[in-house]
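Each of the next two complexes has chain A plus one more chain, namely chain B in the first and chain C in the second.
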Partner chain A sequence: MRARSTLICAMLLALSCVLFMTLGAKGNWDFVLWFRGRKLAALLIVGAAVSTATVLFQTISRNHILTPSIMGFDALYTLIVALVVFSIGAAGFNHLPSEFVFFAHISLLIGAALILFGTLIGQHRTDLMRMVLTGIIFGVLFRSLSSFIYRMIDPSEFATIQVNSYARFNYIDLNLLWISAGLTFVTLSLSWQMRRQLDVLGLGFEMATNLGEPVARRQKQALILVAILVAVSTALVGPVAFLGLLVVSIARLISPNETHAVLIPLSALIAGIVLVAGQTILERVLGLSTPLAVVIDFVGGFVFLTLLLRKGWI
Partner chain B sequence: MDLISIENLSYEVAGARILSDISVTLPKGGVTALIGPNGAGKSSLFSHVARLLPLQTGRISVDDLAVKPSNRRALSRKLAILPQQVHFATRLTVRELIQFGRYPHCQGSLKADDYAMVDVALAAFELTPLADRFLDTLSGGQRHKAHVAMIYAQDTDYLLLDEPLNNLDIAASRTLMALLRRLADDEGKTVVIVLHDINFAAQYADHLVVLKSGRIEREGKPSDLVTEALLSEVYSTDAQVAMVGDTPFVVP
Partner chain C sequence: MQRHSTALFLAVGILVLAAISVFVGVISLRPETVFHDRDALGLVLDSRLPRTFATLIAGAALAVCGMIMQMLVRNRFVEPMTAGTGQGAALGILVVTLFLPGASIFVKMSLATATALVSSLGFLLIVRRLPPSQPLLVPLVAILYGGIIGAGVTFVAYQADMLQFIDTWLNGDFSGVMRGRYELLWIAAVVAALTYLIADQFAIVGLGREASVNLGLNYDQVMILGLLAVSVVSALTVITVGAIPFVGLIVPNIISRRCGDNLRATLPLTALCGAMLVLSSDIVGRIVRYPFEIPVGTILGVLGAGVFLWLLYSGPKHAR
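Here is the complex of A and B:
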C-alpha cells in the first residue's frame, strides 16, 4: 500500500520522460537527445527542488496551504538579483563568473530568509491568517522594490535582470544546470536525512520539545534548505508561484500517510510528471501557444483558493 | 536524589513577575497536583519544568539531571510532558501517534521492542480497537487518551500533564485520573499534574502544591490542606468544605 502510489507515479514519470524525449523528434538523434535532455534535466531538478522546498516549508510553518512562493521567497530572490545588478552594473555582473554570482545570490537569499521568515516561523503559536497576510505583503513589497529598481537602471541592465525574473521552461542556461544539479542533490539528501526529525516537528513545538528535538535549530536548518532549493529553481526557470502547492496537495491526497519518508519522494515525482508531461503537451500538442507556468499557476491558484475556503484542511 | 527539584525559579514577562523565587521539591512516586487560582503561575511553572520556556533565573533538575537544552535527549527519556493544547499539523492514526512516543529511544527507526511497547500502550489505554483510526475521527475523550498513551509509550519515570481534564466530561475525566492513579500505583511512575478542579486533586492526588501569585503558598496532603481556610485565603472565596469519607469535598 505504502509503495503503490509512489510506484505508479514513478512509472508515469518515466513514461512522460520517454514521450518528452521522443515525441515528434526528427533529424539527428545526437542533437535531439542532447537538446531535449538538458531541458528534461532542468525540469526534473526544478520539480524536485520546488516540491521539497514546499514540503519542508509547510512542516516548519505547520500548515498545508502556504508555500515558499506564496510567502514571497522567489520574489525575494528576484529582488536580490535586481539589487546585485543595480549595485555592480550589468557589465560587472556579466563579467563575473556565473557560478560566483549564483552562490552570492544563494548566500544573500539564505541570510534574508533567516531574518525575515525565521522570526515569523519561530513563534510557537503560528497564526495562519497572519502568515498569509505577511506573505502577501512581503510578495508585493519585494516585487514593488524590484520594479522600482528596474525603472532606475538602463536597458542593458534590465535585460540582464529580465532573464531571471520570468518563468521560462524553453531556455536553460547550461552553466547553471551543473551547479544546480549538484546543489539540488546535496540539499535533497540533507532533507532526506532530516525526514524523521521533520515528522516530529509536525507534532508542534511542545510535543517536539517533549520528544527531545531542538525545534528552533531544526526550523533554521530547514529554512536554509528551503532557501537553497528556491534559489536553484528560480535561477533555472524563474518563479512558478503555485507549482509547489499544487503538487504537494496532490501528494497529500494520494499518499497513504503523511510521513516525510513518503511525502518528499512522492511530491517530487508528481512535480516531475506535472512539469514534463505539461511541457510535452504544450510543445507537441498545443504548439507552445501558452507558457507552462501560466497553466500551472492557473490550476495551482484554483487549488490554493479551494484549500483556503475549506477550513477543515488547514 | 530521585525527585524534581526547583531552586530559586523566577520568571518575568514584559516586566510582570509571573513566578517569584520558587523553591520546591516534588517527591518521586505517586501523584502530585499543582493547584491554585487562575493566573497563579501553575502553567508557567509547568512550562519551565517541561523545557517549553527558557530559564531566566534559578535551576531545575530531574533526578540530578539539570533541565537545560544540552540535556534534551536524556531528559526526553526521563520526563514526558503533555501540554495543554496539542495541535498536530499532520493527520495521524492512533498507532502512528503512539509510535512517536518511542522517538526518544529510537530516533524514529522503530525496532521490535519499540513496536512491543506501542502495543502495550494501546492495550493499557484500551485503544487497541481504535489503533488504525485517524485522530480527527475520535471523540475528545478518546483523542485525549491517545495523547496520554503516547507519553506513556515514551516509557519515562516522570509524566507531566498540564490541565488534562479541560474539555472532558465527568466520565472521561474520572477514567483518565484513574488511569494516571494506576500508573503511579502499579508501575511506580511519578505523575505531576496541573489541575483546575480542587475536588479532582483532592480525590486522586497524594500530594498537593498550592500556588498563588507566583509563589508556593502551601504544600501537603489533600486531607490536611483542602479546608475552608485555604479557599478563603488562596482563592478568596467562601466555599464550604464537606468530608466524604476521608476526602475533603468543596461544595461549589
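Here is the complex of A and C:
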C-alpha cells in the first residue's frame, strides 16, 4: 500500500514535470528547455526542502499542525533585505556578489531560527502555544519595521527591495541554484539518516528517553537541519508560507502510517506535484497572473483550520 | 477615585495632542494667524480639523469595539482587525467596486458591513469549537482566519489589477482625510457611543453563556448586537481610513488590567485611551520623516507588537 502510493505520487510528479516542460512551448527547444529546466529545478528543490523541514519540525515539536514558516521567517527575510538596502543603498546592494548575499542570509536566518525555536525545546504545551504566538507577533513586528524602512528610502531603491522580497520562480540565479542544490542535498541526506531516531522521538519524549534516545540533543540537531532547509528555500525563491503544512497534511492523509522513511519522501513528492502542477495549471491552463504562493496560502490556511477543528488541539 | 483622575489626565492629554495635531503639517501654521488669515482658517477647517477628528473617532471606536469583541469571544488576545472582521469588510468593498462600480457610498457601506458581520460570525462559530483550556489557541486561529480571508482578497485583487486599492484599505492612513471624505466615521462614533447603553450586558456576556442566562440575560441578542456594532465600526473605518491594527488589542488590555472589567465604568476610559493612542501615533508618523508621512498602521504595528509580547510574557494575572 505504502509502496504503491509513493509510486503513484512519483509517476504523477514525473507527468507534471513533463507537462511543465512541454506545454505551450514554442520556438527554440534549447532555450525552452534551459529556461524552464532552471525553474523546474528550483521548484523541486524548494518542495523537498520545505516539506522535509516541516516533517522534522512537527516531529520535534510533537505537533502536527505547526510549520516553521508561520513563525515570522519570511518577514525576517524581507526585513534583512530592507535593512541592508537602507544602510548601504541599492547600488551597494546590487554590487554585493549574490553568493555573499545568499550566505549572509542563510547564516542570519539560521541564527534567528535557533534563537526563536531554541526556547521551544523541553517546554510544555502552553508554552508551545506562547512560542507560536511569539513567532507570529515577531512576524508582524518585522513586517511593520520593513514597511517603516520602505517609507524612509528612495522609490528607486524600493524597487530593489520589492524584487527581492516576493516568492519568485521566474528568475533564478544559476550559481545560487547550484549552491542551494548542494546544501539541500547534504541536509536532506542527514535528515534521511536520522529517520529511525525521529521515529523513536515520535513515540513521545518519555518513551524515547526510556529507549535510550538523547531527546534534547536530537531535537537540537533536527532544529539546525530545519533552519538550514527553511533558510535555503527562502533565500532561493522567497517566502512560501503554508506549503509545508499543506503537503505534509496531505501525506499524512494518504498514508496514516507514520514512519519517517515513508513520510519524508512522500511529502517531498507531493510538494513537487503541488508546486510543479500548480504552476503549470496556473500559468498555462488558466492563464492566471496571480502568484502560486497566494493560492497555496489560501488553500493551506483552509487545511490548517479544518485540521484544527476536526482533531482538536493535539 | 483613581479612575476619575485617569479620565481627567487622558482628556487633558487629548486636548493638548489635538491642538498639536492641528498645527503640525506641511504648510506651516501659527495659532495667531488662524483668526485673521482666511487661507489659514480654510486649511484648518478643510484638512487639519477633519484629520484630528478622524483619528480621535477611529481610535476611540476601535478601542471600544476591541473591548466588546474580547468580551464576546471571552479571550484577551483578540481584536476585530486581525480576526477577520477588517478583512471581511475589505472583501465587501472589493466586491462592490468590482461588480457595482457606480454604487453609492451607502450601498458600499452596507455591503461591507454585511461581509464583515458574516466573517466575524464565522470566527465566533470556529472559536466556540475550540477547547476552553487552551486560551492561546484563540488568537492563533484568529490570525490565521484573518490571513485566509486576506489571501482571498489578495487573489481577487491580483486578478482584477486592484492590488493598490486593496493596499489603501488594508493599511490605515489618515493622510487622505479631508472635509467631505471622512464624515461616515461619525456614524461609527455614534454606534460606539450607543454600545455604552448596554455596556453592563456586555460585561455579563464576558462571564460566559451559562452565567449570563442564569442572570436573566438574553444572551444571543446581546451577542448579535455586539457583533453588529463591531462590524459596523470596522467596516466604516476600513472604508474611510483603512484597517488600523492593534488599537483594539492593546487599549482594552491595559484598561482592564488597571481598572477591572466593569464595562460601564471602563468603556469611556477605553475610548479616551484609544483616541489618545491613535492621535499620538498619527502625530509621530507626521513628524518622523517630515515633510513625508509614515502611515499610522505602521507605527502602531511596531508599538503594538511590542506591547503584545509584553502582555504575553508578563505573567497570567489578567491576561488569560
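Annotations
FYI, the second predicted complex is superposed on the first by the 289 of 314 C-alpha atoms of A that agree within 3 Å, B and C clash if a C-alpha of one lies under 4 Å from a C-alpha of the other, contacts with A are read in each partner's own complex, and residues count from 1 in each chain.
Throughout what follows, contacts are C-beta pairs under 8 Å (C-beta built on N, C-alpha and C of every residue); 3 or more make two chains touch, one makes a residue touch a chain.
All values derive from a computational prediction rather than experimental measurement.
In the superposition on chain A, A:Pro291 makes contact with chain C only, while chain B stays out of contact range. Applying the stated contact rule after C-alpha superposition, one finds that A:Arg62 touches chain B and leaves chain C untouched.
When the shared chain is aligned, chain B comes close enough to touch A:Asn257, but chain C does not. When the two complexes are overlaid on their common chain A, residue A:Arg151 makes contact with chain C while staying clear of chain B. Touch criterion not met for A:Gly182: it reaches neither chain B nor chain C.
When the two structures are aligned on the shared chain, A:Val140 is found in touch with chain C, with no touch to chain B. If you count the residues of chain A touched by chain B and by chain C, you find the higher number for C. Once the two complexes are overlaid on the shared chain, A:Phe304 sits against chain C while remaining clear of chain B. On the chain A side of its complex with chain B, the touching residues are 58-59, 62-64, 196-197, 199-200, 202-207, 209-214, 257-259.
The part of chain C that touches chain A in the complex is made up of residues 77, 126, 129-131, 134, 136-137, 139-141, 143-145, 147-148, 151-152, 154-155, 158-159, 171, 245, 289, 292-295, 297-299, 301-302, 304-306, 308-309, 312-313. Only residues 70, 126, 129-130, 132-134, 136-138, 140-141, 143-145, 147-148, 151-152, 288-291, 294-295, 297-298, 301-302, 304-305, 308-309, 312-313 of chain A touch chain C when the two sit together in their complex. Chain contact summary for the complex, chain B toward chain A: residues 50-52, 69, 72-73, 75-77, 80-83, 85-93, 96, 100-101, 103-104, 107-109, 151, 154.
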